[in-house]
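In the two assemblies presented below, subunit A is common to both, partnered first by subunit B and then by subunit C.
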Partner chain A sequence: QDWQVRYQQDTPVAPRFDVNAPDLYIPAMAFLTYILLAGLALGTQNRFSPDSLGLLASSALAWLLLEVLSVLLSLYLVTVSTDLTPIDLVAFAGYKYVGMIVGLVAGLLLGRVGYYVALTWCCLSIFVFMIRTLRLKLLSEAAAEGVLVRGAKNQLRMYLTMAIAAAQPLFMYWLTFHLLR
Partner chain B sequence: MAFTLYSLLQASLLIVNAVAVLHEERFLRHVGWGSDQGIGGFGEEPGIKAQLTNLIRSIRTVMRGKGTIFTIIIMIMMIIIT
Partner chain C sequence: MSSFEQFHIDFYQSNYTIEDQEEGCNSYGSDKNLCESRKRQAEEQPAGGAFVPSDMLLSPQSYSGSILQPACSPDAPSQLGYVDGFDEEPPLLEELGINFEHIWQKTLTVLNPMKPADGSIMNETDLTGPMVFCLALGATLLMAGKVHFGYVYGMSAIGCLAMHALLNLMSVSGVSHGCVASVLGYCLLPMVILSSAAVLFSLQGTPGTVLALFIIGWCSLSASKIFTSALAMEGQQLLIAYPCALLYGLFALLTVF
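Showing the complex of A and B:
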């Protein structure tokens, strides 16, 4: 099955025509589901109160904003010429909420062991997904094909891709472990 | 995890103010981050240091006008509300 993003005369095709284009539907829905699930998890431990839901939402939104801003800053500092808009970055940052939801559900149903297993698998899959997507967008043509291109700039871009992809599992763990005490 | 949007706003405001206060002549020149210190090179590679220098200079330029007013407004709001 072809997972590549399709292009039409050098610009990415809109999500209506392409299943693999990044759009904000999945991240937005996953974000809201995460907040509701977090409220549920708190409720099962008798730690729930109505304003804690608002606090959770605000906190998750703040982390998201911080992550997108730091990615934008690092992209500016490394001077990559990419066609990633800030909205694209918001969409990519929102994809980890799907993994968080799976981890939370597994943790609620199966206890801590289920939580760790599901979270590990989701972290690995998000890591691979991020590396693949960002590799196409950030690195130069030759490096994206798999050829090892030497040079400081390409190496810096590779490190940046790795760092962005590695930050996702960290965030996933950080935002969920305190809900399943 | 009490990390709200408001605390993010406060932190970013403080950081931007701190960057804007870095005096160019007295301090940055000695470290080697002045804005006229050989960023030149019309070639391909600006490099991270040149980007950072440009960023600091542009933050200072923005803060001169609207940034100061914005900070003062936010500070007055913080004093009144808290």
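Showing the complex of A and C:
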């Protein structure tokens, strides 16, 4: 399956024309659904109040901003030349909310075992997705095609990609486990 | 102040008989200066009706005779043109823009989501129906023991802003805030039904959850149907229905828990 963005242009392209272009609809909806589901999870445990909904929303937004800013900082430090705009990073960071929603639904319906199983599966899938997507954007073309290129610069970029991808499951676990007590 | 109001009424009704005017004049014969100072106070009052008499009184050529005799001058009808007398005023509801027939039609459109709607009913942004539905939702929540008026208003305001942004991004033609607020408010009616059911029995449990999900689906189907027909976005009804479902899900969370 071809994961590359088909339109290699300077201007961003709308999702109507390119299936692989990042768009903010899924991340935004996933973020809002996550807040709603978190409120539902709290409600089934009689811990709900409308204030807590606002608290959840603002804390989730703060974690999102923190993650995007730290990724931007690390990209700047590694001096990698990429065409990733901050909005792209927001979109990529938002895709993990889909996994969180699946985990929460499984946890609400099936209990803690279901939660852990679903969360593990979603963590693995988002790990793979991030590695594939970021590899195309951050690493050089030779490495993107699977050839292992030795060199300090490429290794650093590989570590960076792994770190960003590994941060996603961490965030997924951190933001959901306190909801299913 | 009652004497001053009497003076106002005499001033507006320029077709009063002469006897009434003279009566009013005679009672004020001694209070000429007092009336003048009162009129200056009336200038600072925000009442719109006070401005016209003060203007007329301060311009000397607009009446002959003393200050207490509101004479019929030629330019009085042009300055008082918006009040022709009680018979020729438009009816109050028409002035306010409340059209009960349209409100009823829109409510019927919401209540029957399976029937296709025409896109022209949303051309006038009418906010009285949504206001009534929001108040009804707050009232039924109050009857269930939850004082959440502020949360209802806040969530509807934020939801209107978010839906407005989303619809402007997703549709070819733009929408205005009033149109979005009007549609979202009308589709809040099934939520009122849900919260009145919450008064009768507790919604925490399987039948309550099923009912809440059904009502959320009803609300969001109606809202997306009206939006897609008004904005000519065919094929995107489900895409619009999902954010509407999220918004009404927030209201359902307030109602159920």
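Operating definition for what follows: the second predicted complex is superposed on the first by the 171 of 181 C-alpha atoms of A that agree within 3 Å, B and C clash if a C-alpha of one lies under 4 Å from a C-alpha of the other, contacts with A are read in each partner's own complex, and residues count from 1 in each chain.
Operating definition for what follows: a residue touches a chain if its C-beta (ideal position, glycine included) is under 8 Å from a C-beta of that chain, and two chains touch if they have at least 3 such contacts.
Everything numeric here is computed off the predicted structure, so don't read it as measured data.
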Could you say whether A:Met29 touches subunit B, subunit C, both of them, or neither, answering first, second, both or neither?
second
So, A:Tyr95: does it touch subunit B (first), subunit C (second), both, or neither?
neither
Between subunit B and subunit C, whom does A:Gly39 touch in the aligned arrangement: first, second, both, or neither?
second
Have a look at where A:Phe177 lands relative to subunit B and subunit C in the superposition and call it first, second, both or neither.
neither
Considering only touches as defined above, state whether A:Ala62 meets subunit B (first), subunit C (second), both or neither.
first
Taking the superposition as given, does A:Trp121 touch the first partner, subunit B, the second, subunit C, both, or neither?
neither
Touch test for A:Pro50: subunit B only (first), subunit C only (second), both, or neither?
second
For subunit A, which side has the bigger count of touched residues, subunit B or subunit C?
B
Using the superposition described at the top, list the residues of subunit A that contact subunit B and also contact subunit C.
none
Show which residues of subunit A lie in contact with subunit C when the two form their complex.
25, 29, 32-33, 36, 39-40, 43-44, 48, 50, 53
State the interface residues of subunit C toward subunit A in the complex, per the touch definition above.
148, 151, 204, 239, 242-243, 246, 249-250, 253-254, 256-257
Please output the residues of subunit A touching subunit B within their complex, sorted ascending.
55-56, 58-59, 61-63, 65-66, 76-79, 153, 175, 178
Residues on subunit B engaged by subunit A in the complex (per definition of touch)
1-5, 7-8, 45-46, 48, 51-52, 55
